[in-house]
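Same chain, two partners: chain A is paired with chain B first, then with chain C.
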Partner chain A sequence: MSEVGAIVRVTFLGGIRDRTVFGIFILGLLLMLTVPIFSYFSMRQTTEVAAGYSLAVISVIGLLLTVFMGGNLISRDIDRKAIHTVVTLPISRTRYLLGKFIGLALLLLISLLILYLLAAVAVYFTSYQYPPSRPLQWETYLLVMISEYMMLLVISAMSVLFTSFATSTFLPMALTLAVYCIGQSTALVKDYLDKAPEAKQISSLVSFFAKGSYYIFPNLSAFDMKNAFVYSLPMDLQYLLTVLLYGLFYLSVVIFMATYFFSRRDLT
Partner chain B sequence: MKRLSVFFLILALCVLSFIRVDRLRKARTLPAKLMLLPSKEMTRVISFGNELLLAQLIFYNSMFFAGSLDRPPAMIDQRELYHTLDAVTYLDPYNMDGYYFAQGVLSWNRSLIGPLDTILRRGMAHRTWDWYLPFFYGFNQFYFLKNSKEGAIYLKKAYLLNPENTYLPTLIARLHYQANETEVAIAFLEEIIRTTPGGALQEWMKGRLEAFRIVSFLEAALVRYQERYKSRPQSLEELVDGKILRAIPQDPYGGEFYLDEKGRIGTTSKFTDVHKKSKGSGQ
Partner chain C sequence: MTAIQTSGLGKVYTKRLTRKVVALKDLNLEVERGEIFGFLGPNGAGKSTTIKLLMNLIRPTTGDAKILGIPVTEASSRKKLGYLPEEPNYYGYVTAKELLEMVGRIHGLSGPEIEKQSTEILSFLDLPFEKRRTIAGFSKGMVQRVGLAQAIFHDPEVVVLDEPMSGLDPPGRKLVADLMLRMRDQGKTIFFSTHILHDVEVVCDRIGIITGGQLRFCGTLAEVISETFSSYEVVLRKVQPEQVRNLKAKGFAAKTFEDNVKVDVSKEDLPSFVDAFVQHGTELVAIEPKRFTLEDFFMGFIDSAEASSRRT
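Entry: the complex of A and B
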């Protein structure tokens, strides 16, 4: 396992030194400073707006970090010819890929922890000045963070899958973004197709593909629990646990597929 | 030195051009516009998991649009505002800004009360702890739609969510009375008095309760008169002449009970203290 640890370490440190990643992180911090300005215009829910805005910023920054770090995960090693050194080492490609994924997950975790901490400070001070209609539940904040992190891990796994066979940096990034957009909307589209009367006029082929996407792509909207914290709603722990397990199983399947493709890839 | 002079020259030109742009921009300022949105279902899909943020952005757009108007919103503006606020509360059904603003801008147009009530019902289904929403809904019912019964039901919900609204119980009781539900008004006041600590407020409600009990007593006398004489009396005095009552009870508010043209019991005091009023106005 020490080889995996070394890959994790290199990936993590490489991510910290990456200027693009650093830039995205700084952008996130700057956006956090705009929380009071954005929430100031609210009529009756300043704290709720501050909380919703902060969580949305983290969500977007988390996505950008995942997409850029994931896209560069293996292609950078290939560009720098470092991959040739790695494949000659006594370490399996599966372990190499796992190390890369864990390194990415660790970097995401640290970034999210810092962003969530700053957001908590911003929301706390806003709530001090403008008390919300219901007291903020900080334990829910923690659960929202866990759920969001799991969603980003699933996207990271998809990113790793795309980098396992793609030859350019751009393709995995574009595909990961596409998966994010599809994953966020399939549940809503399926609900619409199932319930809306006007959906009966939609062609059965479109309906088939839309519903098929719901079952194939990760259902990312299930991980969204932001409004539970924003409006201090009761958290369904059983639902949260099920969603987390779903995320864990989904990313395991994706990583399994990624290692399969990567182990058969011609890296010469 | 030469380089510095060139720099300051360019800087001066930059400032001058900015001043010019600023003037031109102000002269051609276009009126604020509401966002053109696809259907609310599609808007949710394209939010890609950021419904709360998108809802707040759309809300800000509608607020700035209404604020930029130099006249009250015209009918077409109100309809557009309804669609955007409907989208706001669909994307984020807990968004109080959306409900509050919708009540403020849409309630004064009678044709939009129905759509507004649809928005408010969405709010009541989600913000179950919030007394404002049933209050807005109840207010629209009794004030704009003249539906006292529905108004009383929703104001009661608002009162139960926030009992600090001490003006509500007597209003609710009055609405029940206007909806021919005097017994409901009495039962409601009895319950509120039972759970309210003693003091001026309790005394105030007791006064209203006493008046409604008399109204209920007179309504029962009207029924007995109809049963005995198979006709409706033209005035309350006929209840005395017909030996149903010995005398017409006195209104605790200082007014006099009468029978209105619809055959309902009314009072000249309109359930407000006539003595105090007379003193206050110096009569």
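Entry: the complex of A and C
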């Protein structure tokens, strides 16, 4: 597997030396510095606001990093023909793609660890000054981080799938963003169609497609556990485990599809 | 075992969903071990398509290809293969050494082997070692040399070079030609494409000429250059003006040059022609075979390909 490791390393280097990625990361750090300022605007629940705000910043930065890096992951190699010198080495396209994905996953992990660490410091000091109504559950914070990371991995896998057949850099980014938007809302839409009395007036075709989207696209809202930490709610470990298994299964299927398409693609 | 073998290899591209473009048709080729094979053709002839098929970058529509007996669809076929693409492009954010490290790891070399090999190759090709100088800041010639470095890094048995001399200055071209000859002396096989005929004459053992996606000729350079002549240039002195008129009347191409006359004479006519003139007191200055240059040979294929495409 040393060949996969070589691709992981180069992908990781590409990420940390990319000015746009660096810019997004710095933006995240700067936004994190504003946590105490914005949370003080709140007259009450200052710590809850600080926690909610910092976790939201991490979500946005994580998404930006995923969409940008994921969209560029293979498309840029193809555009600049750098791929011609890599896949012509004794490495299968499947391993090349896996190396790229793992490199991206590693980069996201390190970025998230730094951002979550800074957010934890900001929230801790805010809670020290303005004690929350319920004590903060730091073990829940860790679980929030794990579920958020799994969500970003699922989105990354989707972007890898799109880059496996797309011919431009823009298309995978646009499609990944679209999947994110759809994935955040399908559960809500399905819930509405199942339970709301007004939903009976909606045509069966629209209802069919909306429910179909729920099963086809990843249910990203399931990974959102931020409120559990913000309001110190009890965490259902079984639920978390189910969500993680769902994410792992979903990304495995998507990566498998990506390798299938990519292995058959002409790299002219 | 042949180094490179293709049988019935073909590629048809589909453009705009319906338009079919035949880029390569029924290519049957065998490149033996230890030879330098030049793959010649004008732009758009199918050279790069052939190389992309050999490197498994594109999938064939018909036929198959093997490198050292292993189908090119298997990654292991590239274990003993080095490849330099046309206009090579690498990850601009890595240094030459980091790139070679990736190449070495993928080829399964150990850390110390990579270190030793990269130091040797970088200094041989006069490439920078600096840790902070990434490939993005390299000149075109330097990038081409990085390409050569990664192609020969693992001491491959077969090297495929797509237009290796393009973009290089004269010292760079000499460096590549010398490198190719040195590798051939070490028993390596080199398959390279080019449209620069001088490069072929300098290094090749055998050549293949491709036009319009079809292989038109495959043979040794000696076959092309030495044996393919059909006439002689005879230089005569003290030729009477009447004799020159007679020659032209008989259809000979005769040119007067100072007090000499140059006449093109076919192989068959040469003995009788010489006898006739010497008997009339004409001085025979020189008889030189008019050889086809590789360029003449190559242009002949292009002209006939163009003519046949006009007919169809």
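Following the convention adopted for this analysis, the second predicted complex is superposed on the first by the 268 of 268 C-alpha atoms of A that agree within 3 Å, B and C clash if a C-alpha of one lies under 4 Å from a C-alpha of the other, contacts with A are read in each partner's own complex, and residues count from 1 in each chain.
Just so it is clear, contacts are C-beta pairs under 8 Å (C-beta built on N, C-alpha and C of every residue); 3 or more make two chains touch, one makes a residue touch a chain.
Nothing here was measured: the structure is a model prediction, and the numbers come from that model.
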item: Fit or clash - chain C, chain B, common chain A; value: fit
item: Partner chain(s) touched by A:Ser185 [first = chain B, second = chain C, both, neither]; value: first
item: Partner chain in contact with A:Gly14 - chain B first, chain C second, else both or neither; value: second
item: Which of chain B and chain C A:Ser2 touches, first, second, both or neither; value: second
item: Chain B versus chain C as contact partner of A:Gly52, first or second or both or neither; value: first
item: Lowest C-alpha to C-alpha distance for chain C against chain B (Å); value: 35
item: Touching both chain B and chain C, residues of chain A; value: none
item: Complex contact set, residues of chain B against chain A; value: 41, 44-46, 48-50, 52-53, 56, 60, 63, 92, 94-97, 100-101, 127, 129-130
item: Interface residues, chain A side, partner chain B - complex; value: 38, 41-45, 48-49, 52-53, 55-56, 59-60, 133-134, 180-181, 184-185, 188-189, 192, 196, 220-221, 224, 226-227, 230-231, 233
item: Residues on chain C engaged by chain A in the complex (per definition of touch); value: 52, 55-59, 75-79, 81, 83, 85, 87-94, 98, 101-103, 105-108, 134, 147, 150
item: Sites on chain A touched by chain C in the complex; value: 2-3, 5-7, 9-10, 13-14, 17-18, 80-82, 84-92, 95, 264, 266-268
